[in-house]
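Going by the order they are written in, the chains are A, B, C and D; count residues from 1 in each one.
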């Protein structure tokens, strides 16, 4: 069945999914850290809206809480922290030269198709919407990994990591109307701690190799020169 | 059951000796224990409390060593007892020990075969326990702790005995590996010198590989049967293909331990560097345990033997026999030489086993019994004289402080007893009549000569050739040991040490040698005793006995029938005595020519004969080097120091000879290089760049998802 | 009775051995246009040596002084095993042909040790070469002997010979090979030309002589006698195995005398052949001996195979 | 059930206590006490389970069955012995000036935090919570890996953090898919409870579960250290403080494997094919062989043994994947003996490194001559881990081989090849270290080796005889996992 027959909620969810996917793509191609962080915050915001929407239309109140958590963590705290780091390191001016960017982009597109292909068995169990939503979130996860692979800045890695979290979260919201509360809280707690630890690590890495270029973290290897 | 008791006791005593050795540094503990015990009897004054007398500071270490070896000796005697009991009673006792896996306790079976090998181990261990105290007293404690030596010696012996007792694959492997690991620690005992470390590593590696092969072999059997007990494995009905795979695995595993060419390389490295009494045990007994494993696997567990297996054994055995003795001949180091000659003897044993298997597969169980008997007898004899020679080598090492044959000489005057006993060892190992080595070789020839009964043309022409090879081996062995005895004991001393050498003052050491030499001679004269015992083994394994091994009487040996062949060592001995005695008396009856006049040896009139003019070992073996040149990797260098007017006249000539084994460069180094190369290749994975790592997990995820969505 | 006969035969063996080598010398001298010593010369030499007081090298040990007795008695025992004039004597059963080879090995072992004992280069040289040659010769000899034993399916010499006799005259290709092999081995083992030259006194070419260089007096006598015995043993082996006719099969005096005549005749002929070959052939280099012996081994092998494939194949 | 709550609450108290009480002289001993009490609680729990079967807490939040209860006891035991070892060890490090009191404070509280996470992973009945706890374990240990603040340690910690974080995120996606499959059939709140899922695994949609399992395997497999997801493991092990290496190798890997197996049980219930098993076998064998080769190239002693950990986890994964009672039993046994042996080895390795003042194996020499206890401990431990009888590792590897011969005979040679290569790789490094003359200036140190002896004694005991209660414990677990009793 096609999009016209869907109710408004579904249409909204789907367009949200599309937007989230779009943001991932934007991040993937983004060389400037500050913009990267901004897009990431944007994605978080979309996520919050989706959660709130879901909470409203399914009137399941605990989703509001997770929406709040998302807002605080992924839209405010983490972007703020990352931005602060970038400014401290004054890396906000330099642009990371991404090698063969277009190839990465095409790869990302391929990933999206791939996630559809992988998840199609789910169609039998439920509606096409679920398939769309899950496929989108999976591709967001994969794109996050791609982002980490293609970017050299530790900050970008953190963003990618968090983007993966977003993808998971989105999947949880749309596919299963959120996880059980205890899990939600646990995940949120983990994300928070992770964010804090990232902050600490930025400091340590900077003191040890006075840069955040992860390619220079290569003391521990076993390839003989 | 009564038979099992001494067997268990033997194992326990060997464990006990090992544990007691751990008490080397626990004197205060023992003392306090004794005093506490004594406190129970207030009546006595401390002087007469048992044991405390033995425990005072000064004599404690010596006492402890003696005690350890006494325990070891008891275990050896018990093993002899148990073994002979099993052979006499002709029964197979089974039992279970409540250890191991919940559903698979350790199964124990004690039958004729185990009993016979118990006998071998027992004799060797008793001899070693006589020899040990004198040998170890020169180790100073802080450098070579006796605790380690004693502990692992005990474990080693216990391991060997347990292997012989085991009746399920799991228990067998545990005992087997206990044996290997314990002996590994013994090889590494003097680990301050690199040779030991290298040898130990090589040894353990080979032992591990061999053990894995054996496990796999058992696994093949277990795959076709239910359970791991030998009874279950016997019931396994496998296709010929699987059976052959199992056989090859077993051959690889046990052959690696037994030191079959070309997988023998660890043996001449490991045996010489261990303390001599351990070398004696390893070379004399442990190899036999490997033979036991092979016999148990191929003749007992594997249901029906194929003649092709027999051929494989025969060929491998022949190669090992010839290769072993040829390599042995070139060794300047006495213990290395002996180790190589063990390879040779194991080769002979495998050869005869191969014959037995061929006959068995072709439906001649009686001849198979003959072959098996010859193999077992040779194993027994080899244990005797190889122990004798290794222990003798130990004494030499003590007295001459070297094992280099070229640095000895003239010791027969300085060490008359040792030299005489060593001579007996040499004569037995080069299989001269009247000594035990000859009997088993004679039986081997007899087995080979029965080839007429076979139909298969290949076998009919192959077996005689291998018999001739056996003859060549025997002759070469004789040559080799003429060299050994002649260069070590005869002629003029080639070094200061051997000039100053004295007879070993410790009586125990000589006593051990005497015991073994006596047995060598005894079983050379009365082989029928042991052969009668061996018949029971053959009966239990093959279900056949020799028709009339001892038909005529105890003094005749006629394996097949009197018409075919017979040998009576007793009569021969009598004849020799008569002839020698008569000539001796007759020629020396004239009093004025009875005495001999001494004078200098013929020196072509130049005068000044000295020790360096004698034949050295490399000189002695030079014709062989020329004739069998292809067998070794020979690196011979002669460089001359020139001097005088335009360097025309030679001041000095330096001769360097290195003889190396083929299997190093051909077999071992390629494997080692292969593994290192593979490791280097694999090392590329660990690039150190985190983005690459992320890439790995990313790709893995994609691939996996693709796989499941297929 | 039989035992007595066996002892007598053995003594006869020992007694006749010098005569054979005397006869051999005699033939050789005549072939080489030299004036021959009498046939009894070897006996005179032995007696002379026995009377003399032996001189022993100063470093020699008991091995050196005792070896002659051991070697000699080993040879005597070997002689007791080989049927000279009569078959199925009891002594033959006490040791078969493999043991016979064992006796030779025994003697050789001590001869080589004695050579090494005096501590000069010659002894070692002789010992080394002797062991080399013998270790090559032994398998060849066993191959040859196995051909016989497998034909007769026994390793007991007198039984084997009896078997050949019973079969009557059968032309066996295997026996031809085996016989030639045995002849070659015999030449090598008894130290005759072309392998070794018993009459040489040039040290560097000596093999057997090098080992016994230091012997004198009764020791030398025993050694010499032993080597004469060895020569005769091989001769008798060749003669009685391959052409056993005439050997006594019952113990009647007439049969025995006939046997004695027969064997002496055969030996005489063999000695003549040997003498001829020794005058014709020159001694070969030490390192060509291996080719010589491997040829002998090859012959033995061929004999064996032709027995297995041609004669006994089923 | 109270026992279970105790097991969880004691470490929690530990975290807070060490975090706020500040570092004192006897903190190390207090840490030992905490772990001892926990061990007591776990033993009590174990006895409960032994007496009256599987325990489900009220609200089914926690489950303790015969599978995880022995892992719980094992965890507590190794936690205790490692704590005993770490008390003097960390003091020594502090005296060397490598660590400040602040860091020690962090160390101790995070030690408890890690234990808590482990217990939570093991006891929880909720797959989501299991994920949370697993992530928590990472978070707790990541700062300990970089405790020394050397560039290498920071790099190692960063890799550990990122790789495990990303990996575990995939596990969460798998969990979500699982939940999604579950809500199709059941009510929302209990849908993630393992017991519920297990009871009606049959109705779960197999396709979804297979996809979910892939994510789980990749996610938790990263923690197990399966090749090619293992790259963080040697770095983290070699750069962190030795007690951390001991617990990481001995516990964390086990628990990650535990999570995978729990999921596999669900997947097996749902699907007919043996896809999950085959995947695990493939990963296991690959890790086993590759790690065995890696052993040959190591220079750092702790790296060496971390690779050997990968190798053994490979064996277990392989065995669990093979399924079947014998293989499962072997895997369970191998879990136990490997944890015991490996933690013992790391303890000795720590002492050896302190003795020689370096972790570089080229500069560690003559241990036996210098300090026999350490030298022999290391040697015997290596002999045990290399799979020589009569140590328990041999028993389990023997059983694995046997099971392989039964079901996949053509894989057995590969397995043996791996064992041989790994053995050579270990000994070529160990021998030069323990043997040989004592380097000058190398002096004995104060070392407390009885944890090592206890561990090795236990392993020896397990190799010689498996006591009845343990045996039927194992067979209960085997029954639970593989659905049938061992032979």
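In the analysis below, a residue touches a chain if its C-beta (ideal position, glycine included) is under 8 Å from a C-beta of that chain, and two chains touch if they have at least 3 such contacts.
The model shown is predicted, which means the values in this text are computed figures rather than measured ones.
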### Summary
Via touching chains, chain A connects to chain C in a minimum step count of 2
### Message
For chain B versus chain D, what separation do you get between their C-alpha means, in angstrom?
### Response
44
#### Entry: Averaged-CA centre spacing for the pair chain B and chain A, given as whole angstrom
70
## Note on the structure
Per the C-alpha means, the centres of chain B and chain C lie apart by a whole-Å value of 37
### Task
List the centre-to-centre spacing of chain A and chain D in whole Å, with centres computed as mean CA coordinates.
31
### Summary
Residue numbers in chain A touching two or more further chains are 118, 121, 145, 148, 157, 214, 217-220, 222
#### Entry: Residues of chain D engaged with two or more neighbouring chains
158-159, 162, 166, 170, 211, 234, 294, 297
#### Entry: Multi-chain contact sites of chain C, meaning residues that touch two or more partners
none
### Query
Of all possible chain pairs, which ones touch?
A-B, A-D, B-C, B-D
### Task
State the interface residues of chain B toward chain A in the complex, per the touch definition above.
680, 683-684, 686-691, 694-695, 697-698, 701-702, 705-706, 708-709
### Summary
The residues of chain A that touch chain D in their complex are 118-119, 121-122, 124-126, 130, 134, 138, 141, 145, 148, 154, 157, 161, 164-165, 167-168, 171-172, 175-177, 179-180, 182-183, 186-187, 189-190, 193-194, 197, 200-201, 204-205, 208-209, 214, 217-220, 222
#### Entry: Contacting residues of chain D [partner chain A, same complex]
126, 128-129, 131-133, 135-136, 139, 142-143, 146, 149-152, 154-159, 161-162, 165-166, 169-170, 172-173, 176-177, 179-181, 183-184, 188-189, 191-192, 205, 207-208, 211, 234-235, 238-239, 294, 297
### Query
What residues on chain C touch chain B, complex-wise?
50-59, 61-63, 65, 69-70, 72-74, 76-77, 80, 91, 93-96, 98-99, 101-103, 105-106, 108-109, 112-113, 115-125, 127-129, 131-132, 134-139, 142-143, 146, 149-150, 153-156, 159, 203, 213-214, 217-218, 221-222, 286-287, 290, 297, 300-301, 304-305, 308-309, 312-314
### Query
Residues of chain B touching chain C in their complex?
409-410, 412-413, 427, 430-434, 438, 442, 445-446, 449, 451-452, 455, 457, 460-461, 464-465, 467-469, 471-472, 474-476, 478-479, 482-483, 485-487, 490-492, 556, 562-568, 571-572, 575-576, 579-580, 583-584, 587-588, 590, 592-593, 595-604, 609, 611, 613-615, 619-624, 626-627
